[in-house]
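Contents: one structure, followed by commentary.
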Amino acid sequence: MATIPIHYGLLLAALLFVVGLVGVLVRRNILFILMSIEIMLNAAGLAFVVGGARWGRADGQVMVIIILTVAAAEVAVGLALVLRFHGWFKSLDADRASEMRG
Amino acid sequence: MLMELWVVPALPLAGFCVLALVGKRLSRWLVAGIGAGSVGLAMVGAIYFSHDFMAFEPTGHLYRESLWTWLNVGGFSPDIGLYLDPLSVVMMLVVTIVGFLIHVYSIQYMAGDEAYSRFFAYMNLFVSSMLILVLADDLLILYLGWEGVGLCSYLLIGFWYQSAANARAAIKAFVVTRVGDTAMAIGLFLLFTQLGTLDIQEVLVRAVRQWPVGSATAIAAAGLLLAGAVGKSAQLPLQVWLPDAMAGPTPVSALIHAATMVTAGVYLIARMHDLFIIAPPVQTAVAVIGAATLVLAGCSAMTQFDIKRVLAYSTISQVGYMFLALGVHAWSAALFHFMTHAFFKSLLFMGAGAVIISMHHEQNMFKMGGLRKQLPFTFWTFLIGACSLASLPLVTSGFYSKGLILWSVWATGHPVLWGAALLGEFITSVYTFRMVFLTFFGEPKGEVSARPGPIILGPLVILAFFSTVAGCVHIPRPLGHFRLFARLVEQALPVPPMQPLPIATEVVFQLLMQGSVLLGVAFAYVLFLRRNDLVAAWTARPAGNALHRFWFSGWGFDWVYTTLLAKPYVWFAHASRDDAFEWIYRGIGAINRGLHEQLSRTQTGLVRWYAVGIVIGAVLLLGLVVFL
Amino acid sequence: MPATVEIAVFWPFFVYFGCVIVLVAGMVGVSYVLGSRHWERATGAPFESGIVTTGSARVGVPANFYLVAMLFVIFDLESVFLFAWAAVVRQVGWTGYVGACVFIVMMAAALVYLWRVGALEGR
Amino acid sequence: MTGVELILLLPLIVLSGAAVAVMLAIAVRRNYLAAFLLTLLGFVLTIMAVALSPGGPQRNVTALFVFDDFARFFIGLITGAGLFVAVLAFDYFRQQRGQFEEFFIMLLGATFGCAVLVASRHFASLFLGLEILSVSLYAMIAYSRDREISTEAGLKYLILAGVSAAFLVFGMALVYAQTGALEFSRMPYITASPDEPLDIIVLAGFGMIIVGIGFKLALVPFHLWTPDVYQGAPAPVTAFIATASKGAVFALLLRLFAQTDVAFYPPLYVTFVILAIASMLFGSWLALLQNNMKRILAYSSIAHLGFLLVAFMGRGHIQSTAAAFYLTAYFVTTLGAFGIVSLLSPGERDAEWIEDYRGLFWRRPFVAVVFSVMIFSLAGIPLTGGFVGKVLVILAGEQAAQWALVVVLVTASAISLFYYVRVVGIMYMPAEAGGADRPALPGLSLQGGGALACLTGLLVLLGVYPGPFLDLVRDMVTTVYAGVLPR
């Protein structure tokens, strides 16, 4: 069976990663920033799947599961923090959080 | 057997740690117990080890205790160890015994002071530093103790730091001794680079092997060490700090003068004697400095009003005797005088302290007088100390030690220096008895407010005992020829090159010396007790007045230093405030400040900007990694 | 890995992708063309079914709502590991069984904790 | 899973078990003291488990973990740090309003994450350990509920750590995709054939891993989060981030690069040199005129990690020994410094402004002296562990012939002396000159004072008598090279 060359898969993952990265940089809403981070993590997951497919082994997919769980945990804590943040700043604008500087 | 020598310096150090950390929370009695007790235990240990040392006579008459290797990397492995030989045995014993008595004395003397625990903490550190100094087997550790002693003297002289004058005196002591310390540090660097080691015995062995007698390197190294010794021991030309060091509490003065600080220089020279032997010009310089100092300081002592300043100048003068002895290779004589001096000088200081607190902290002798009746105990002990200082014949320890020095100076063929020392004898007895007569005889001028208690008098009695009998360890030939002390010390130090002179000569010279001493006593009796008007008339005349002022100010050294060094330096510092070098330093400062400000701007507090930072870093890093 | 791409193998995907696009575009486009364009008072209201809307949809939801949502996400994803275990339950044998038990006990402990601190009460 | 493997795993089992136990204890009955004592018990048992576990090289447990002496040493070190942080946190949170029992779960969890990290020999355990640590830290940083900056710091750390974790895991994916290896030991031993250029994707993968690790270590230019998070986090948490978190990641770096030798592939080597130089200089400059104690320590920690990298830049045992020793001294010092900040903090805010320390000596001589010792150690003054550490690092750099690094190290030390001495000076100034709004100092508890005394004693011991400890470290680092191709 013919397969997609690995570099294509990695390229796709890299593109996804950059999409997420750009999202972190340009979005001001914290929720969107968190989503963008999820995209970056999932891009890594995709790269692992590609690698796993290349070597024909399952450990790449195991890594994906681990990444997914970790991302969920991160998001759970993240959402709690976002709620607290909203309580303090009455906004979800990440740029408002600049009490400390210098 | 000899083991665990480290406890001797460690005990006062532990006392210091405890007092410094929790001293404020402890009761006064506990503070006193820890402060004096730790030194007392160290004294017991020192006596025990000394006894062992003499009883078992370890091979080579020395005992080394290697404690640990500090760190062992890349060929640099300084060993930390202790070294015990007869020289350090004597030093250790004197430091702990006298130190302990001074601590006991301080329990009552300092009782009213707020900073009770601070005082004992510093004192313990002082004793500990001095013990480290005398027991070190490595010049690095010796230097550690050396600096520790300097630091403690600074802290204790400025103990009552609320008064600006005291703080100034402390700074003066620190800065002046620092001049010597710097020279000494350079000397240590020189020794290390030339000989490749700082282990004292190894340094001496290699120095003798590598350098011929009188070689320039040896002279330079010995000269630099001498500069360090001169600074610590308050000899010419760095003696100016000691009279001002009276700003500290009296027990501190006793400790500095008798047991710890000023004798460090004597110890250093004695310890490094092989190096000095191969540098004859430096050796001669030691003797000349000693002789000059003893005369100059003695003259200044004759003119002081303040009882503690008299004692301070007398210390400078007496240490001058020790230097003189060192300079003529009479090592054991110097050490002998160090020991007796420690006893009678601490006795005198503590006696003076007892007088001072009895007189409402009055230190001017002309406002005292007639205290013989009011403070009999203090008087008799003080008198014993004074006799010993003036070396009255036969019953005082000073007689034996100073007699040995004078005889050694003559017998090694230095008649001029001997003359100076003899003159010094006369001056010593004049100012000593001037002090005794002004303070204890004559009409009472002040009121005695408080009498010293038993804890103050106890150490005085013990020291008076020592001041009397300590001379018996070495009795000259005409009186029985008993050489216990010299025999002990000569296991570590070479025998002085004395000419074999007949006993009759020695008798003559003993008599000469005693004559000058007794003449001095008589002189003082006449001038300061019977015919006060003579002195007054003499100082009223312009020439006499000028001389008096000149001596009173310590031969104008302070004035010379101020005009020749301090003022031009200050002027130069002012003048060069805006010179090119200054701009360099300011520029460095400004660059760093500017970088700080620019970099601080990157800390915007904006989380997205921080993410940009990561991304820029990542891009640069990946670019570097991929394209390099 | 051959460098040339055999697009021919993947043509059903592209056809499928095209069909989806066409279908969605068609549905939106047709309704846009055919739909009426008047705007009156009752146009947006549900007709004879559903409930008449009150207020804006942008109401603040109590924080507890998010809390439960988070708990759901966590527990939901943790169960992924049990699926992984289920797929290989025979190969991993008793070791795997013990491991899974430890995992489940830990999850249960967390649940007990959440229940005791009152995180599950939908107030 | 054999019995020996279970015994080897015991430290991890005890730590995670302690976390669950504290959680259940809270479920049964909420009691601050009980939670604290249970936590202490957990840490002590862990240290005992570490001490009792059989040592030696190459103690692999499954594909994920290795419990050689290197891992044991660092687990012990990190658990010790966790123990001190627990003591600090107990006093710290007691003065604040709210429920703080769960903090100890987080602390145990974060310590567990660190322990997983230093024992990992596989990308999966690396990532899991790192994320267990991070997720616990998010909550710990934002724990002071009634402080705005605490939330801000938590959120900043969350976002940035998330981004850096994405970099890290993407780098792993690239390495995996190209080499098929997730275990460190199965990765190509890179400099085995130096003539052969390394695959560009693997290089990029390692580059991204360095980004992720560099973030955790706060190396310039990934350092921007450090001061804000240090300032906003509760002081005990800051102590934990500065020590256990960084120490674990650094230990991991040592192991990863000892086993793959990738750091000595020239482009990566140059990268590390640049990171080290930038960290040393920028950290020192940033701290120069800073007025916030926590930020000063944050910037100084950036510089210190740069110093550590200098030791890392040689592949001999001397370098690793120097790094491990320096790290230990840094642990003790930093715990002490933040411990004092923590113990001096009244309930309403942290004692973070430098003015809070004016005249500290006259009010709290013991604390001021301890703080001085800590700062002297940070500055590398003799007779402290920091001095010995710095000497070792300079020697290591000299042996690796990294003269540029050594010169920069000395320069940065000189710059850093300025702000260290400034802090010490302020503590000994007269107390009256301070502002009127200075909060009252909280009383020093027995356990807090005891902890400080222990740290000070340890630091002086490391400075005066480092020999035995140095031997221990030297033996320990050899195990991390076991099973690696001979050089």
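A, B, C and D label the chains in the order they appear, each numbered from 1.
Keep in mind that, in the parts below, contacts are C-beta pairs under 8 Å (C-beta built on N, C-alpha and C of every residue); 3 or more make two chains touch, one makes a residue touch a chain.
These numbers come from a predicted model, not from an experiment.
Trainee: More C-beta contacts across B-D or across A-C?
Mentor: Looking at B-D and A-C side by side, B-D shows more C-beta contacts.
Trainee: Determine the centre-to-centre distance between subunit B and subunit C, using the mean Cα coordinates as centres, and give it in whole Å.
Mentor: 86
Trainee: Using CA atom averages as chain centres, what separation in Å is found between subunit B and subunit D?
Mentor: 47
Trainee: Please compute the C-alpha centroid of subunit A, do the same for subunit C, then give the distance between them in whole Å.
Mentor: Spacing between the chain centres: roughly 17 Å.
Trainee: How many Å are there between the centre of subunit C and the centre of subunit D, using C-alpha atoms for each centre?
Mentor: 39
Trainee: Specify, in ascending order, the residues of subunit A that touch 2 or more different other chains.
Mentor: Residues 6, 21, 24, 33, 54, 62, 73, 80, 94, 97-102 of subunit A each touch two or more of the other chains.
Trainee: Specify, in ascending order, the residues of subunit D that touch 2 or more different other chains.
Mentor: 155-156, 159, 163, 227-228, 290
Trainee: Which positions in subunit C touch two or more other chains at once?
Mentor: Correct list: empty.
Trainee: Where do chains touch, given as pairs?
Mentor: Contacting pairs: A-B, A-C, A-D, B-D, C-D.
Trainee: Going by the contact rule at the top, pick out the subunit D residues touching subunit B in the complex.
Mentor: Interface residues on the subunit D side: 155-156, 159-160, 163-164, 167, 200, 203-204, 206-208, 210-211, 214-215, 220-222, 224-225, 227-228, 266-268, 270-271, 274, 282, 285-286, 288-290, 318, 365-366, 369, 388, 391-392, 395, 398-399, 415, 418, 453, 464-467, 470.
Trainee: Quick check on the complex: what are the subunit B residues that touch subunit D?
Mentor: My answer: residues 20-22, 24, 68-74, 592-593, 595-597, 599-600, 602-603, 605, 607, 609-611, 613-614, 616-618, 620-622, 624-626, 628.
Trainee: Which positions of subunit A touch subunit D when the two form their complex?
Mentor: Going by the criterion above, the answer is residues 6, 9-10, 13, 17, 20-21, 24, 30, 33-34, 37, 40-41, 43-45, 47-48, 50-52, 54-55, 57, 59-60, 62-63, 66-67, 70, 73-74, 77-78, 80-82, 84-85, 88, 94, 97-102.
Trainee: Given the complex with subunit C, which residues does subunit A contribute to the contact?
Mentor: So the residues of subunit A touching subunit C come out as 1-6, 8, 54, 62, 65, 68-69, 72-73, 75-76, 79-80, 83.
Trainee: Which of the residues in subunit B end up touching subunit A in this complex?
Mentor: 600, 603-608, 611-612, 615
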